[in-house]
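Pasting a structure below so you can have a look.
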Amino acid sequence: MATLGLIEYKDASPEVRAVYDDIMATRKTDWINNFWKALAHDPATLRRTWQSIKEIMAPGALDGVTKQMIYLAVSATNQCNYCIASHTAAARKAGMTDAMLAELMAVVGMANETNSLASAYQIEVDEQFRT
Amino acid sequence: MATLGLIEYKDASPEVRAVYDDIMATRKTDWINNFWKALAHDPATLRRTWQSIKEIMAPGALDGVTKQMIYLAVSATNQCNYCIASHTAAARKAGMTDAMLAELMAVVGMANETNSLASAYQIEVDEQFRT
Amino acid sequence: MATLGLIEYKDASPEVRAVYDDIMATRKTDWINNFWKALAHDPATLRRTWQSIKEIMAPGALDGVTKQMIYLAVSATNQCNYCIASHTAAARKAGMTDAMLAELMAVVGMANETNSLASAYQIEVDEQFRT
Amino acid sequence: MATLGLIEYKDASPEVRAVYDDIMATRKTDWINNFWKALAHDPATLRRTWQSIKEIMAPGALDGVTKQMIYLAVSATNQCNYCIASHTAAARKAGMTDAMLAELMAVVGMANETNSLASAYQIEVDEQFRT
Amino acid sequence: MATLGLIEYKDASPEVRAVYDDIMATRKTDWINNFWKALAHDPATLRRTWQSIKEIMAPGALDGVTKQMIYLAVSATNQCNYCIASHTAAARKAGMTDAMLAELMAVVGMANETNSLASAYQIEVDEQFRT
Amino acid sequence: MATLGLIEYKDASPEVRAVYDDIMATRKTDWINNFWKALAHDPATLRRTWQSIKEIMAPGALDGVTKQMIYLAVSATNQCNYCIASHTAAARKAGMTDAMLAELMAVVGMANETNSLASAYQIEVDEQFRT
């Protein structure tokens, strides 16, 4: 179980409810996932993390599904089970098809492979790549 | 310096030259970066790694610049300096603008933050996320 | 289940029991957690690991709760579920309050975020930080 | 060099200068380290990251030096060279002595060792550690 | 459950069955583990990954059990639960005894410890180690 | 430069010299690499780390070169530059040929790839792999 437990909407302070309400309104859902309910024990972190994610994940130079796939790529690399589960769902909701998922996975796997090879062989950065 | 040194085109065996030629033709460049020159000491790994990357990075359900940005996201998470340098260059060549780069970085940073928070708080996966 | 199983006190060799006894005496508890019961299949590693932890975690220039929180920060970063669970308990026993836990988590999350940003942007170390 | 280069104070927009000014005022220094100069190409991320760090690193239930040492522990675990250099300096400025540094390092090393052992042996979480 | 589910032999396409058959023939087993059944939703990745593993894990300059132990060492370091479980089984099948397992674990633990110490102390590479 | 600097033999205390002497005698060399010179500022950690490594890396159920290759595999996965450099040298001294190095690298790369794939696809551990 989550270290500090989960705070449900009905038990939440007005400050926490305001964040929950904004999450549901922004995401057009009627439920809150456990990540936020766990953070709610620390309202400052809850608010700050939500504001940051809301700002960062909004479509801009990159569209929403691309951002969710990048989030998933990082989560898979970090072996974060909760994040893989939640961002797989979020990426699908944003439009990721199974074909896109499969290609994403293949890139993530290959990047992890060549990252270790590049370091293992102690390869120097090419002059052409220095900015 | 790379552990086994770098094999230049002029010193390469026909087998290695064939891979180098395919890399340059596929990428429409006239040079080979150090990663491949280091792997060339092991022609089987050189060939296999190049064939895999060529297959995986070709546009499909995801376009080329998205794939390069995912590669860069993984490399940043793994703190692989060589890979960050080379895939920043590759993503730019594929069309990543500075605005896209900045948004990519912001997503990568936030994903690394929430990955550690989700694990640190021992948060259980929501029933809704179980596939 | 643990790869080699768990060795209970009643089934342990005198060598292993001596370590178990010292763990319980040092920690002022009457039970042994699974980590040690799993290592007990390799008495040399059991003894060495316990001696190292006993020496390292004893209060010195840093007090016990600070050391436990640092241990927890590393475990969260590595996404080690067992270690997060056991060192959350240990840090609380050493005096970590929920408020301290929440601040610890916030620092860990932020550090993981900026670690990836610093690497992703290929930022050079400032002259002032070179020792 | 940093991917997008570094923005010096004299070349910065008023929005960026406002952040730089707040960093220097908060830290009581007269210079800005490269991390912020690199982020300045993305003023939204610069502002958000600084606000978050300012909020998180302020003394609260944990004092400033403890927070800096936790930051350093995470950075060492992630092998982030920039962050190790900058947060070693920050922790020292906040009061970390060489003796505290040595104990911090010893805990970080041991935590990384036992994290891998706990996972490698597939050890189940003890009932007593489940919250 | 696996994101895209698992494809059993009886439900597999001829292309997937051909890979499954080769896996069972190569490994001299009559079942397929979940890793391959999950990848089977992406036949190109299934085929490529299997071909690579078949080529890489075949005895050569290193024997089979050494290769499996190296695989396990990486998996433990990455905290990949599935891979730790599957490669512990594979290494044992290839000849790893409990005594070898214990020594492997001890090396993995120590390497993870000193890796973080070397980075944490910002130690420069010795001239003698530069190739 | 190393955070606390490096302690040369001529400047070392008798306690530190005793460890240095044992390192050189055990390794049959006449010099000390920077790792130990950096740790020497904390004689307790120096002594404990050396004793642990001496015990763990001695040939047993696994021979010396296998242990050094496992150490290198972990270091490559963690992207620890110092450790990759020092353990490449140590593994070669223990008998690792270039052909063995190349196969080691290939296994490390593949393991890092499939580790991320197994997690990314959220694959459940097979009943057959549960111990």
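All chains are identified by letter, namely A, B, C, D, E and F, in their written order; residue positions are counted from 1 within each chain.
Here is the rule we go by: contacts are C-beta pairs under 8 Å (C-beta built on N, C-alpha and C of every residue); 3 or more make two chains touch, one makes a residue touch a chain.
None of the values given here were measured: they were computed from a predicted structure.
When the contact pairs of C-E are set against those of B-E, A-C or D-E, over half line up by residue number only for A-C. When the C-beta contacts at A-B and at C-F are tallied, the pair with the greater total is A-B. Once the centre of each chain is set as its mean CA position, subunit E and subunit F turn out to be 20 Å apart. Averaged Cα coordinates give subunit B a centre that lies 34 Å from the centre of subunit C.
Within subunit B, residues 1-4, 44-45, 49, 52, 74, 77-81, 85, 88, 102, 105-106, 108-110, 112-117, 119-122, 130-131 each touch two or more of the remaining chains. Those residues of subunit B that touch subunit C in the complex are listed here as 72, 76-77, 79, 81, 84-85, 88, 105, 108-110, 112-117, 119-122. Within the complex formed with subunit D, the residues of subunit A that make contact are 1-5, 44, 48, 52, 55, 130-131. Residues 1-4, 31, 33-35, 38-39, 45, 49, 52-53, 56-57, 60-62, 66-67, 69-71, 73-75, 77-78, 80-83, 85-89, 97, 99-100, 102-104, 106-108, 110-126, 128-131 of subunit B touch subunit A in their complex.
Taken together, the subunit A residues at the contact with subunit E in this complex read 79, 88, 98, 101-102, 105-106, 109, 116, 122.
Residue ranges of subunit D in contact with subunit B, taken from their complex: 3-4, 41-42, 44-45, 49, 74, 78-80, 131.
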